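Below is one structure, written out as structure tokens; comments come after it.
Chain IDs A, B, C and D follow the sequence of writing; residue 1 opens each chain.
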Amino acid sequence: MFSEFLQYLFTGITIGATYALIALGFTLIYNASHVINFAQGEFLMIGGMATVSLIGLGFPLPVAMVGAILLAALMGIALQRFAIAPAKQADPVTLIIITIGAAIFIRGIAQLVWGRGYHSMPNFSGDVPVRIGGAVVNTQTFWVVGIAAVLVAGLVFFFTKTMIGKAILATSMNKVAARLVGIKTDMVLMLAFLLSAVLGSIAGIIVAPITFTSYDIGIMLGLKGFVAAALGGLGSGMGAIVGGLTLGIVEAMTAGYISSDYKDAAAFGVIILVLFFMPRGLMGARVVERV
Amino acid sequence: MSKKLLRRGGLLAATLAAGIFSGAQAADPIKIGSFLSVTGPASFLGDPELKTLRMYVDKINEEGGVLGRPLELVHYDDEGNASNARNYASRLVRADRVDIIVGGSTTGATMAAVPLIEQSRTPFISLAGAVVITDPVKPWVFKTPQSDRLAAERVMQDMQERGITKIGLISGTGGFGRSGREQTQQVAEAMGIQILEDVTYSPSDTDMTAQLTRIRNNQDIEAVFNFGFGQSPAIVTRNFAQLGIDRPFYQSHGVASNSFLDLAGSAAEGLRLPASPILVPDSLADDDPQKTIVQAYVDAYEARWNESVSTFGGYAYDGLMLAVAAIEEAGSTDREAVRQALENIQGHVGVTGIFNMSPNDHNGLAADSFRILEVVDGGWKLIE
Amino acid sequence: MLKSLTQHRLSGLALLAIIILLVPAFLNNPFQYDMATLVLIYATTVVGLNLLVGYAGQISLGHAGFFGMGAYFSAVMTSRFDWSPVPTLILGAALVGLVAYIVGRPILRLKGYYLGMATLAMGFIIYITLNNEGWLTGGPDGMPVPGLSIFGWELSTFNTYSFLGMEISGSLAWYWLMGVMLILGVWIAQNLIDSPIGRALRSVHGSEVAASVVGVDTPKFKNLVFVVSAIYASLMGSLYAHFQGFITPESAGFMESIIFVTMVVLGGMGSTLGVIFGAALLTLLPQLLADFHDYEMMMFGLILMLTMIFMPKGLLPTTQAFIRKKLHKKAEDKA
Amino acid sequence: MSALIEVKGLDKAFGGVHAIEGLSFSVEAGQIYSVIGPNGAGKTTLFNLITGLYTPTAGEIKLNGENIVNIPPNKLAERGMCRTFQQMQICMNMTALENVMLGRHLQLKSNFLTTLLRLPSLLKDEADCRDHAIELMKFVGCGDYIETEASAMSYGALKRLEIARALAAEPKVVLLDEPAAGLNSVETAELEELLKKIAAQGITVVLVEHDMKMVMGISDHILVINYGRKLAEGTPEEIRNNPDVIAAYLGG
């Protein structure tokens, strides 16, 4: 029975790590601009689809990956420059709708360029799964979890040790003050979107061998990422990771032990319950309202 | 800026005039209406269906049309959304005044349009699978794919031949999977097959390992049957292989396309499914009545679109050909006459099967129109 | 004179009534009536949602859940238990209101995106339930809904009726019925807004702290408006189900919720007439773009994005501000 | 006669930092009572505690002899307590008049049904409310702004508007958080007059203020806090001569 549990746990961690990466993308942009970017899932799609199509054109996997990440980065910048920046003063809900419009637009283009089919990508290292304590684990799982961990470590380093990272943090805390000490907040915003796009596209690439990829894969994954980010507490990096993993594990456990029919309902039930007791998510700042 | 906006508004108004306000015109061409899920979660159905319709409408027109009149295809994309389907059906019958409708990629889209189409008394050939579309029979509604019930029967017949009596069922929570699951449960009961595990996955799930683990750990299960469509069955297939479940594996006709093989890769090796002969034109016996017609469709489709065929495009081919046959038989586009002609079609050889319609059967296919295929060496093999 | 007329609180309502009366003159087939009727149904729904989002400033990303609950309550009760449609939809609205009341109390304590998240989760749970309980709801493939019969009249878009000696088609009858519903919906919404309750609601948006220190029981008012908007959605969901003749769980889905909110934001939050325009635009746009086939999705996204970037306050408020500025300038030029 | 507001051993900690620590004092009815102290002394926190926006970590607060800890702000308004804010809380989505009418929320008798159907009783009620609000706006000197959108008003006018809104609730006690901040000397003088007029109507005024000249001029009683603790208390005269206060203010 333990092997069963272990199997569910690994399944949950694999999906959860993906959710965590997407949630981190949400967090980065939220921190810099207080925008919830509903086009986050499209970065994932671009990552996966561009890699597949570049491989199709005969490029080796690493080159294709770099190309896809660059494309996503460009899109991140374009999204900030042409869609978010011009509407700076708009209401948060308006900004949400803008990002939804952007997501539909990107999807519409992707569908024209790459067609509507699903595409597969080979595992990075072989199709033979590994057995751990009676559970079977896809080798790609290690890539997903490993790369997620490396990215998280990189982000921690970036935000605590580099000048630019600190500038982003400062801007998220107080835009005016950041500007006063000479931080170019516009640049910072652009950087946040770029980073978020890079993160999203990497997530899209590493999960593509597990989930396949298509022009509309971003809708559901993006949504789950938002759920994970809110579960963990918007704006908290740690929260994004905890939220993502929790969501993944809850889904896998429910599917395994209770009812696969209500797997998603259970995940959504958990978030309502968490918010009921912790109105700012698991790790959200306990902010006291200033009046 | 304001001028630009105005101009944009003008464009919009022009589109409106062209689109919605183009009322009935002189009925010179025969209007074939269609609403398909060309985008959205069911795009793998709608996309080949639309390509097929376009291709053959062009072809028929080049060859002089039907009853000396050209065909005109009026098509809308319902994005897999049932209420869109209903609205486009309304547009087709009320604004475009089409003579016949060939469309409805999914059961949900089809059923949403049915009440309206029935009331408007327009012949309608659906391309969706569930048995509810034609059972009970609705006077104006026909369909070309075999019902999911037939698929379940065919699969379980094959299981019985292999001596399998206890199975695990996994299905998608989308319309196709839900209906298929229901039919499978009923057929299983009738045929004395026990379903020991019954698990589901949502169409957007990216990993079904948890569900399959439940099946794997039930040692009594002798075979596994997956009823679903889209990319999910390919994920199920891969997870199935990864978990090393060493038992016979069946899929439904919902994955009968070569792109499924591309997605599932070597994990698909050895699995079986019920399908139209469209995937194995070469394996058909030379005297098989479907051989030439299947071969011709496959060649034409692959040459025109540069991609491999799927069963789904075949449904549209049959739908269009049945419509043409009925109009020719009726000698006009008079709706009641066309409806009656459709209802009385006998021995119409299509790519999906041989259609024998009757007032009690608006599908007209028998279970033997499904062939059991097995994946061998990365390709399909006909199991006789 | 003109000024006092345009400033009267019901001038918008009068304008709306005139538009509704005039539109049929431009419609020339039943399909167009179909679309116009749908616009009216969605417009009434979002007039209710606007009370919550536009006036009280509380976002809901799960409102289609209420719409779907109303629709399914009517569908199930009238088709499986032969209930009469009109009492059913009223009872359905009452039940949905009760559900909203119970759900609203805990989740409306949440703020901003967290409230968005909780309502989204609520909507999803409703959707998943409708999807899974196929024995009752027909599952993902949906279920047929009987026509709307009022006092024994079955209102079908394919029939013709004689009314006070006039022949009117079923399509037109549906259009008038929903036109009256919209007028009624706007009138009630307007009454609510132009009242102490409306003021309290707007204050919750403006400054929740200020509202509470002058004695506004903010949780109560938030819950009240949540319930009211849910009732609007439920009633319209029921009518939608009868009108369409068939429903699927998608009508309760996440995308539908997003579309509702988009109608509000696109038209102009807090502008009752504005959100009606938003509803009309988003209902008709797919029909307008349908002929672009492959480019449809891209164009839809682009239009949505550009409109919100250049008209962040929404179509109507931005246009109004633009006209006011122009008039102001003209007046200045004269002086 | 017991005190109108009585605070005993009040304590408020934010994550280990004590913003208010062991504070006790009482406000007599009819007084103009001022709370002063250097920046960050905890004055606004104190107001937030009294008006129910924050929950104390320890201690008790009584209004008219009844404990009001854990009672939400709207219930306190029903008991006759109203306030303004240092960072003004004006509903910018409404007109000036509507903001003041909002203040009369508790005085209105409308219910849901009369509202939905817009019955005559509601209209009568609203008309009275409007008249009263206009009167109040004139009283605080905002008579020129009646139909103005709040978002279009000047800072000084908004300050007075907020006071009008607080008075509209017909409170027994108003707590004003830095009403003179950002006002010029003419405006401050007007404000001083206004506060006196309010007190003359029998409304107790509790004030947090930085403008020493004004505080000394109008207060009956002054409380000085520093680092969340009481530094001194007494009449303006006593405070002026208190060496601790002088030291604190001169940065000693």
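By definition in this document, a residue touches a chain if its C-beta (ideal position, glycine included) is under 8 Å from a C-beta of that chain, and two chains touch if they have at least 3 such contacts.
Remember, predicted model here, so these are calculated numbers, not experimental data.
A.B. asks: Would you mind checking which chain's mean C-alpha position lies nearest the centre of all protein C-alpha atoms?
C.D. replies: Closest chain centre to the overall C-alpha centroid: C.
A.B. asks: Does A-C or A-B have more contacting C-beta pairs?
C.D. replies: A-C
A.B. asks: Round to the nearest whole Å and give the separation of the Cα centres of chain A and chain C.
C.D. replies: 33
A.B. asks: Please report how many Å separate the Cα centroid of chain A from that of chain B, as a whole number.
C.D. replies: The answer is 35 Å.
A.B. asks: Rounded to the nearest whole Å, what is the centre-to-centre distance of chain A and chain D, using the mean of the C-alpha atoms as each centre?
C.D. replies: Whole-Å distance between the two chain centres: 46.
A.B. asks: Provide the C-alpha centroid distance between chain B and chain D, rounded to the nearest whole angstrom.
C.D. replies: 71
A.B. asks: Identify all positions of chain D at which a residue touches two or more other chains, and write them in rising order.
C.D. replies: 53, 85, 89
A.B. asks: Would you mind listing the residues of chain C that make contact with two or more other chains?
C.D. replies: Residues 132, 209, 296-297, 310 of chain C touch two or more partner chains.
A.B. asks: In chain B, which residues are in touch with two or more of the other chains?
C.D. replies: Within chain B, the residues that touch at least two other chains are 38-39, 173.
A.B. asks: Going by the contact rule set out above, which residues of chain A touch chain C in the complex?
C.D. replies: Its residues touching chain C are 36, 83, 86-87, 89-94, 97-98, 100-109, 111-112, 223, 226-227, 230, 234, 261-262, 264-265, 268-269, 271-272, 275-276, 279-281, 289, 291.
A.B. asks: Mind pulling up the chain A residues that touch chain B in the complex?
C.D. replies: Those in contact with chain B are residues 4, 7-8, 10-12, 14-15, 18, 111, 115-120, 127, 129, 136, 138, 207, 210-212, 214, 216, 219-221, 252-253, 255-256, 260-261, 263-264.
A.B. asks: Which chain C residues qualify as touching chain D in the complex?
C.D. replies: So the residues of chain C in touch with chain D come to 188, 191-192, 194-200, 202-203, 205-207, 209-218, 224, 270.
A.B. asks: Report the residues of chain B in contact with chain A in the complex, numbered from low to high.
C.D. replies: It comes out as residues 38-41, 43-44, 47, 173, 199-202, 204, 206-207, 209-211, 213-214, 217, 230-231, 234-235, 242-244, 259, 262-263, 265-267.
A.B. asks: Okay, in this complex, where on chain D does chain C touch?
C.D. replies: Per the touch definition, chain D meets chain C at residues 51, 53, 72-74, 76-78, 82-83, 85, 89-94, 98, 101-103, 105-106, 108, 110, 112, 115-118, 122, 125-126, 129, 165-166, 168-169.
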